[in-house]
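In what follows, structures are represented as structure tokens.
After this come two complexes, each holding chain A, first together with chain B and then together with chain C.
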Partner chain A sequence: MFRELFTPQLLRATIRMTTPIILAALGGLLTYKAGIFNIAMEGMILVGAFSAVVGGYFLGNCWLGVIVAILAVLLISAIYGFFVVKLKSNEFIIGIAINIFANGITVYLLRAIFGVKGAFSSPEIPGLPDVSFPLLDKIGILNTILNNHSIFIYLSWLFVLLIYILIYKTPLGIRIRAAGEHPKALETAGVSVSKIRYITIILNGILCGFAGAHLSLGYLTLFTEGMSDGRGWIAVATVIFGEGNPIMTFAIASLFGFTDGLAFLLQGLGIPDRFARIVPHFTVIFALFIVARRAVLKIARKKREVIRKET
Partner chain B sequence: MEKVVEMRGITKIFPTVIANNDVDFSLYKGEIQALVGENGAGKTTLMSILYGMNQPIDSGRIFINGKEERIYHPHVAINKGIGMVHQHFMLVPSFTVSENIVLGHEKRKNGILLDKEEAIKITKEISKKHGFLVAPMARVQDLPLGIQQRIEILKLLYRGTDILILDEPTAVLTPQEIKELFSTIRSLVSEGRSIVFITHKLPEVMAISDRVTVMRKGRITGVLETKKTTMKEIAKLMVGREVLFQVEKEEPHFKGVVLELNNIKALSDRILLAVNGVSLKVQAGEILGIAGIEGNGQTELAEVVTGLRPLVSGEIIFQSKNINKASPRQRREMGIAHIPEDRLKTGISIDATIQDNLVMGAHYKKPLARGIHRYLRQTKDYAEKLINEYDIRTANQNLPTISLSGGNLQRLVIAREFSFDSKLLIISQPTRGIDIGSIEFLHEKILSMRDKGNAILLISADLDEIYALSDRIAVMYEGEMVGEFHPDEIGREELGLYMTGAKREN
Partner chain C sequence: MFIRKKLLLNILILVAFVLATMNVSCAPVEEEKEALKVTMVVSGGLGDRSFFDSGAAGLKKAEEELGVETQILECKLDPSAYYDHTLAAAENNDLVFIIGFQMADQLVEIAPKYPDTQFVYIDGIIEGIENVTSIDYLENEGSYVVGAMAAMATTRTEIPGINEEKIIGLVGGMDIPVIHNFVVGFEQGARDIDPGVKVEVVYTGSFEDPAKGKEATLAIIDKGADIVFQVAGKTGEGIIEACKEKGVYVIGVDSDQGWLAPGTVIESMMKEVGMSIYETIKKFQDGTYEKGAVYSYGVKEDGVGPTFSDEYAKILPQEIIDKMREIEQKIISGEIVVEEAK
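Let's turn to the complex of A and B:
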């Protein structure tokens, strides 16, 4: 069974499963860095996925679908930003509200627009293109793992790099980090903290729009209710583990992608579907436990060391 | 002379208080003006308005260099050449010095990227020009407060500030650092800049300022020329009545050792050895003042003695009994009272009512309770009595504690701690951020507790306070006691050398 699981196919699945998580997590880490703990990615991905199908189906072009997805998520983001930045409401409560609202509105509109329950699929929904690199197909294993993925997979790698540069190497990035760490220092330097936070919320909206469009137009072209399926929450966990660093966040998102891929392949091996789907979420809990425990142990060890040395 | 700032009829109303009431203020080119007043007099509010914060105001007009301006955000103030060093520094701890200096006014390279080399170059140039040495690549969180203040000033100079507002700049500095700050201020003024110096320390006003504006309860009560006035006159305008600068103090009557510490050690929250082998004795009827710059282990020392922080090694002996293992509550019941330095976090529960905070610690015992039954009428009377005795200004003891001003909060904490039968008082920074009127009152209370036979361990970063109250002074530096003196046998300057580690007794 081991040999059947650990194949290039598993790595290919890992890459595929990582993409929606990292796209949303990149958005989440931007707001995190700016001092907003955003848990609304789950709902934003869902709205993105649904709107991409709506846009793609009625406008007949996958990229127009992506644009509709971004606009829809930005509309939700505007509500989120208005409450969190302008009215200074509790970001958890607003985040939960957005997630519940997203679930309800997509189920409702699915029936209202397409007249179906549960899922909508049609050959008239245009899918996003796969990209094939001409030289890669000469190298068998790399071809299997890396080549012929949907376009957002490659774009997400580019975004990791771009957002790393944005945060650590640009004037906007230094302001984003200041907004999170010491907002008053930024405000008294003459920069509006609210403006910086709105910028990160907009960027988060665009990235969640991409994540949603990738989910519904990336492989199978269809929308199902609750399609985001916990990926937004995993993205939240990823941001925390990665401490807002894009490279770390990508590494951790890949770990979740791996367990997701594992779950996917386990289903193919006759492991019951519901059981297989526990795997990624169990990983989250396990990883949380390890991280928390490591921190506690580290402090305790350091205390013992200092005491031993000094007495 | 040319007015660089003129504020006319400024009124700013906060939900519970009129912070500025029809205030007129002006600043001349090239002057150092002290802005003095008690806490809550409205000094910081007025200057924040000039800096574009606390907007919108309820009425008033602001003129900069004779032109009316609408300063609705700090960036407008910065463009007009106004800069403010806030009481709590506005530096991002994890950023480097140069990143902090350019924040908000960054230079770019290739049109997109942050030019870090340029930021370092700017920092070097500007620090060289003004004779402050700072390491551009050091992280602010690793630097002492005195250096952080220099960075704040450099930040303003980089932005081309020629009107500098300094909000209580000497609060965190040693006597040597204060001297350096004053010479910096003088050189900035000689280059044509104008300075507003917010403070409530009158000796500093006399030492540095050209003019003084005095505020009380949101209004201006006087604008004076420093040369033609006295501390007494300024103090009277601040408080509204005569103030005694020297509290009357009788000779101490020592009555045996109450607290003895033998070589105690304790860790800080950052797991460093904060208290490193401290030994001392405090007798009944005396005040032992612990002088030192904040962050040299004083906080941890107080917490170890009161049982809030675990002891690593050593012995704490209270009334001839080893109390190493006693819980904070047991220690309290033995008679150790504690006035912590951080009133809001440790001294009170902000969300509880004034009554709750006043009776805390007494609430479960006779005469306020028996078993699980609390006597509410007695509790109310008890709180009422303390409110009257300590002159805590509140409309109602059932209001949330957060509704009290700083001075009243401290009166509340002192009222609670002084009202139970104590043998030892641990008092940390009792008058920090408190107005002159309250300081006078609190100092008298502390002395009366001493005269009643309490042993008092007074921890203070304020040398005026240390000298005013202590019968003995011990200096703490990097977790150790580096010297012990009688207040008459050591001057401030020399004490400053001990506080900064430049000198120590063995």
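Let's turn to the complex of A and C:
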């Protein structure tokens, strides 16, 4: 049973299913660090996915599709940023508004541009290339797991590292964290909090554009209404569990991907679908429990230390 | 200054709202006394290139050929819309089609309050209400035929893309009775041809997630499946793509899906929702419509089954096609009894 479940294919599927989530989550955690709790990733992925197909189809090049996706998501991000940073609206309400708007506008434009409802697929949509590493194919199992993935899968790993460095090792990163933890201090130091928040919203827009383009040009080469199907929400969840740390967030996103893939294989063993589908959610609740417990213990320890110092 | 800006914004939003609602309330004004008013309420959305689109096509045909006035209300799988849309349709129509098993409760509640309106519940059975007629599809029969086809084809390694393993697959949208009915028929059809054929069944848990559909399909293709029956609505787009990418075959569902991926779709299991809607409207006009009846559409009524289109004859050997026709005859004559899962 173990052998049947934990195949290299499962790890390969895990990698595939993790990528759209982590790309969006990386954007979300940047705004999270800067003090904006962004729940608009779902809508932004959807807009990215749609505009990538539009751009790719009409311009005939997948990379131009990606650029169109980024521009479209940046446009949405501009609206988001204007309301959240400039007008200081409630970020939840604006987030929900963006999500609903994204769903509506993509359905409407799908009709207006392609004259179809529901789904658009065509051989003329240029897919993003797969990357094969010449040395990897010598090593059997690693080749099955790691080689010949769509390009954004490798890029997402690179982004995890880059954003880790950005947040923890650069002056901009310190400012981003300060904007979230203590905006007044940042203001006193002469740095505009709004500017820092706008920067994270722009980066979030670019990353969500990547997530959407990957979904509709890399993972699949088609668009269907509402195809993000909750990935943006899962990204929100991974940001919370990962406490805004890119490496932790990546780990949690991979856990989601892994358990999702596992659910398919469990069904193959005769475990009822409904039960198999519990696995991802159960794992996440369990992970949340551990994270929360650790946080509680940390607070308790700090309290004890304070008491000890006082006495 | 800031307050005035806010006020301006508020007024703007208000105006936008009023305009938006006006637009909606203005739309269905046209009224003609003569024409029969038919409304179709679908639980999902149009554009699935499958189940609901088939229904919409039938309604359109009725509009063109029978001169009825039609309207389609989409609920987009939003349960709060099931009640409202059904109610809206009940209020000023002669005939209302309720498409989608999800709306049964709402229909049972609303129908008795509108005795002058006739309701047709599609894709399931509701009995005991005078003005609710049901149209039920025997998907199991159609699935039996394509199951038998897949079991025969999976051993024909001379067809490109068919491997040596006797494994076929089915990817379902959700673990629900309607989909089970496809599954039992498909499994029985395969088993009756060759008990050694293994059917890998997997559910994605969504009718709207093509990425998950692709992933589920890749998982069973990895296990050796070379013909996959997709029963998953929009999720099916991803299933078809996975099969195309891996060079194996897919069986389309509800509508003829061959055009979505020529050469990859090996056959389509039709569910003639449109045909049954058209026929029902015709019966209604002729006066042969039976109130409260249950119409079953199986292989015999041509309501379900393969397309037998020439496109697929390019892939399938003639003897398999002949055998499929033979099986259909046996189902009609009652020689083969297909299990049910409803």
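Assume the second predicted complex is superposed on the first by the 256 of 311 C-alpha atoms of A that agree within 3 Å, B and C clash if a C-alpha of one lies under 4 Å from a C-alpha of the other, contacts with A are read in each partner's own complex, and residues count from 1 in each chain.
Criterion: contacts are C-beta pairs under 8 Å (C-beta built on N, C-alpha and C of every residue); 3 or more make two chains touch, one makes a residue touch a chain.
As the structure is a prediction and not an experimental result, all values here were calculated from the model.
By the touch criterion defined above, A:185 reaches chain B but does not reach chain C. By the document's definition of touching, of the two partners only chain C reaches A:224; chain B does not. Shared-chain residue A:177: touches chain B; no touch with chain C.
Of the two partner chains placed by the overlay, only chain C lies in contact with A:273; chain B stays clear of it.
Residue contacts after overlaying the shared chain place A:203 against neither chain B nor chain C. By the document's definition of touching, of the two partners only chain C reaches A:17; chain B does not. When both complexes are overlaid on chain A, the residue A:85 reaches neither chain B nor chain C. Interface residues of chain C, counted against chain A in their complex, comprise 45-49, 53, 175, 200-203, 205-206, 208-212, 214-216, 218-220, 222-223, 234, 237-238, 241, 260. Of all residues in chain A, those touching chain B in their complex are 165, 169-171, 173-175, 177-178, 181-182, 184-192, 299, 302-303, 306-307, 310-311. Residues of chain A that touch chain C in their complex: 7, 9, 13, 16-17, 20, 116-119, 121, 215, 219-222, 224-227, 229-230, 260-261, 263-265, 267-268, 272-274, 277.
Taken together, the chain B residues at the contact with chain A in this complex read 51, 53, 73-75, 77-79, 84, 86, 90-95, 99-100, 103-106, 108, 112-114, 155, 265, 267, 271-273, 276, 312-313.
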